[in-house]
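Below you'll find the structures, each written out as structure tokens.
What follows is chain A paired twice: with chain B in the first complex and chain C in the second.
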Partner chain A sequence: MMKKYLTFTTKAFQRTLTYRFELWMELFINVLFMLVYVYLWKALYTGQTSVEGYDLNGILTYIVVSQTLLTFTFTLRVARIIEEKVRTGEVVTDLMKPIDFQLMTLATAAGTSSHTALFNMLPKFLLFYGAFGLSLPPSLLTVLLFIISVVLGYVILFSMEFIIGIFAFWLVEIRGIYALVIWGLSMLFSGYFLPLEFYPAFLAKVAAVLPFRAIIYFPTAIYTGQLIGERLITAMLIQLAWVAVLIGLGRLGYRAAFRKLVIQGG
Partner chain B sequence: MRRYIKLYCLLAGAYVRSRLQYRLSFGFMCFGIVISEACLLGLLGALLAKFRTVNGWTWAEVVFLYGLGNLAYSLMRILGSQLDDFDRYIIRGELDGVLIKPVAPLFYILASRVELVHVSRALTSVVIFVVAFHLTGIRWTVEVALFTLTTILSGTLIMLTLMLVSATVALWTTKSGKLTDLLISATKEATAFPISIYPLAVQLLLTFILPVAFVTYYPAQQLLQKGEFLGMPESFQFGAPVVALAMVCISYLFWYSGLRRYHSTGS
Partner chain C sequence: MPIITVEHLSKHFKVYRRRTGFWGNLSSTVARQHDIIRAVDDVNFSLERGELVGYIGANGAGKSTTIKMLTGILVPTSGHIDVMGLTPYRHRKENTRRIGVVFGQRTQLWWDLPVIDSFELLKHIYEIPQNLYKQNLEFFSELLQLRPFLSTPVRRLSLGQRMRCDLTAALLHDPEILYLDEPTIGLDVVAKEQVRQFLRQVNAERQVTVILTTHDLNDVEKVCQRLIIIDSGKIIYDGGIDALKERYGKTRMLIIDLAQGYSDIQLEGVDLIRRDGNRIWLAFDRDTISASEVITQLTARYEIQDLTISEPEIEEIVRRIYELGVH
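And then the complex of A and B:
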């Protein structure tokens, strides 16, 4: 049962390996991006020792971890891939297969993303870790919880993209919604640019009811040790709840889309 | 010349009409862009509410830089979106079709996609820029207006030619993927902040290799009278048009040499 989905994962992983040059360039540009932010924060912190519980080292660690996690956001192309499949009609062959469409998409995305994690995110993080003397998580247990939280955040991001992709069955083009959700709301409320503790009260309140902070802020704050004890457990429960809700919504959406497709194909 | 203008209107018009067939997605796209711009501004606001200044630059001055860079960026997006996924032309063999047309290939490629959705971004940037302009206390005079206009146009050209150089890479490598898009976003991001916050190597990179410092930072020295030159000649504040012109020549030569060695993928 699991095996057939794992095949999608390994195939996607191998497919990504073919474009070496592209990946190197991507890494180079990502590093440039991160440098911009690291130096911005260094400049902001001149003359300040600690802001909202983050000292310079703490904030740089936060920024590098969150920027590294952001890589998933701009390398995951689930929405675009679904849109393309709907437009070309390729989606029909997927729906004919005796497999779950959502799980298959997730398995494929996981293949591409594990490649990204290994060959882009990890080297990038280690480079900055060494160059700027960042901190490690407080304990081994934190490392473990951090990894679980990253995976949960990833599934939330995936489910959002999946839902956006499903809109392609009704709209011809989803770039607008994609820009709105992923480049707009997610950027503002995920905490990739600055920790949510820094937000003005009303923005922080809005962030608290939206799923975006579960993608980047939670795992990052677990890494830096900002989220501990009861608050850490709550954060992970919130992540689990969002996983359930968004995966469920995605399933409902794709079933409705599937029904619509049958009507059109008749 | 007149033939080219007519042709441009014809090709661009055809694309715009085809896009407007789907009014709903067009509207969504415009809306999405405006909201995402507002969100980015919200981030800048949240940041500067906490920290007041970045390296001696006030919040209004940073937004000024951001607006200026964004304006050039959105104009570039309207005119040059086709370069974004230029590798498609090579992978699908469409470039062969373009080469046998009786017009300059680059002209045809650019003209066949004028992306009006980015007008929404341009308008948002104009609003941001004008407000920031006002907040920084710059006085409107004819000279200032002309200088600003030249700066914006030069900035657009600098970004467009960078995009062309990056797209041209695909003539050698066949696939450039999201490279162009990433590069442009990275450089756009870098122009939103005073480059004095970066180490020397990055400053040199943004001045001489990816000269986006001429899109915002150096011209802003003239408009805001900051007097930060990082050891570079003070004349750099007027350098934008020169850099833009040089970039046009270099990128066109690069494009041309790429085309000359191009041979079809044969599939």
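And then the complex of A and C:
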């Protein structure tokens, strides 16, 4: 049962190998941005020892980890892929197979993203880790929790893109919603830009009720050791809750979309 | 017992009219007006296991709409469909396991992947046992000569190669019914012949029930035993091809080159089918009027340069049915 979806993952993983050039370009641009951020923060920290509980090394670690995790956001193309499938009518061929559309899309995305994690994110991280003497998570358990949290955050990001993609069944154009949610709200509230501890109180409150911080801030703060004990457990429970809610909404969405499709035709 | 039964099947599409301009937009938002398109309108037929049926009709006649309902990706407005005891749109997943579908216009293969990878994905999706998969892959690769491009990405295949792969993809899981919507579209003569040969063989050797739509009547004549003609959503003919020829083939066609372009051509017992400059196409029923009578009439009234007479091809019969309906 699970095996059929895993095949999508392995095929997507292999397929990514064929786009070497695109991969290198993305990596190159991302590394430039990371360098800019690192030097910016170094400059901001001159004469300071600690801000909101982050010392220079802490903040650099935070920036590099969160920037690395951000790679998922700009390499995940789920909304665009769904939109394209709807536009070309290819979605009908998916509908004609004994397979779950949402799981299939997730399995495929996971394949591409595993490739990204292994051949883009990991080397990038190691490079910065070596060059700027960043810190590692406090314990092996933290590493494990960090990885779980990254995966949960990834599924949340996926679910958001999936829901946005589903809008394509009703709207001609989803680029607007995509830009608003992924490049607007997500950038602001996911904490990739700076730790949420730095946010003014009202913005932090808004961030707390939105799912975005569960994508980047939670795993990064687990890595840096900002989230520990009870707060760490709460964070992961919040992640799990968002996974359930957003996967559920996605399912409702695509059921409605398919119902529309089978009644109104392709 | 029939494998497919369709009773009083209809599909009506609502098409909302869009008015232009601000007020037009506003009023069509408030009170949306729509037209009803009767794409399929009270259709009845049934297929026995192992039949090979051609489903034809002019553009927009309702062929694809019917196929979509049979495969379960479109819900009928009214009527019943029974496919192997299932109602396709209600038992979509179960139905899809037992049918194969090919849409000539689009591929079900993964664009970026080598052909063989697509087949492997299908193996997992349909949960095909390994030995059956190997056996079928072997069989189809041989029959359709797929070996040279099994490891080529689908996007680099020619249309003919892709169609052969799509046919294989639709049959790997041993479906009982194969639906084909324009499987020969865009293919050259050789490729078309290959597909036809293949369909005959699959039907004969594997007892797969086949229903295919096409605009190429050679497909029908060379492949199908039975023909269903749909016109504006209604079935206007359902029967053998020979019976069709027998029934409508009494019509003879006379092609005449007139010496000058007469403005008005009037003849008794004869239909003017087409006119192109000085050339006219006349059809008449050999039971009501003889060829010599027609020619006598003609020569009495018009000056003729050249003349040929022909027994209608299936193509011609069907064209007349599309244009004039069934008489």
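Just so we're on the same page, the second predicted complex is superposed on the first by the 265 of 266 C-alpha atoms of A that agree within 3 Å, B and C clash if a C-alpha of one lies under 4 Å from a C-alpha of the other, contacts with A are read in each partner's own complex, and residues count from 1 in each chain.
What we mean here is this: a residue touches a chain if its C-beta (ideal position, glycine included) is under 8 Å from a C-beta of that chain, and two chains touch if they have at least 3 such contacts.
Because the structure is a prediction, the values reported are computed rather than measured.
Once the two complexes are laid over each other on the shared chain, residue contacts for A:21 go to chain B alone; chain C is not touched. Contacts of A:3 after superposition: chain C is touched, whereas chain B is not reached. In the superposition on chain A, contact of A:11 is made with chain C only, not with chain B. Residue contacts after overlaying the shared chain place A:97 against chain C, while chain B stays out of touching range. With both complexes superposed, B is the one of chain B and chain C in contact with more chain A residues. Residue contacts after overlaying the shared chain place A:199 against chain B, while chain C stays out of touching range.
When the two structures are aligned on the shared chain, A:88 is found in touch with chain C, with no touch to chain B. Taken together, the chain A residues at the contact with chain C in this complex read 3-4, 7-8, 11, 14-15, 18, 88-90, 92-93, 95-99, 261-266. On chain C, the positions that touch chain A within their shared complex are 13-14, 65, 68, 71-75, 89, 92-94, 96-97, 101, 103, 106-108, 110, 112-113, 117, 120-121, 124-127. Interface of chain A with chain B (complex): residues 19, 21-22, 25-26, 29-30, 32-33, 35-36, 39-40, 42-44, 46, 48, 51-52, 74, 171-180, 183-185, 187-188, 193-194, 198-200, 203. Interface of chain B with chain A (complex): residues 22, 24-33, 35-36, 38-40, 42-43, 46-47, 49-51, 54-55, 173, 175-179, 182-183, 185-186, 189-190, 193, 197-199, 202.
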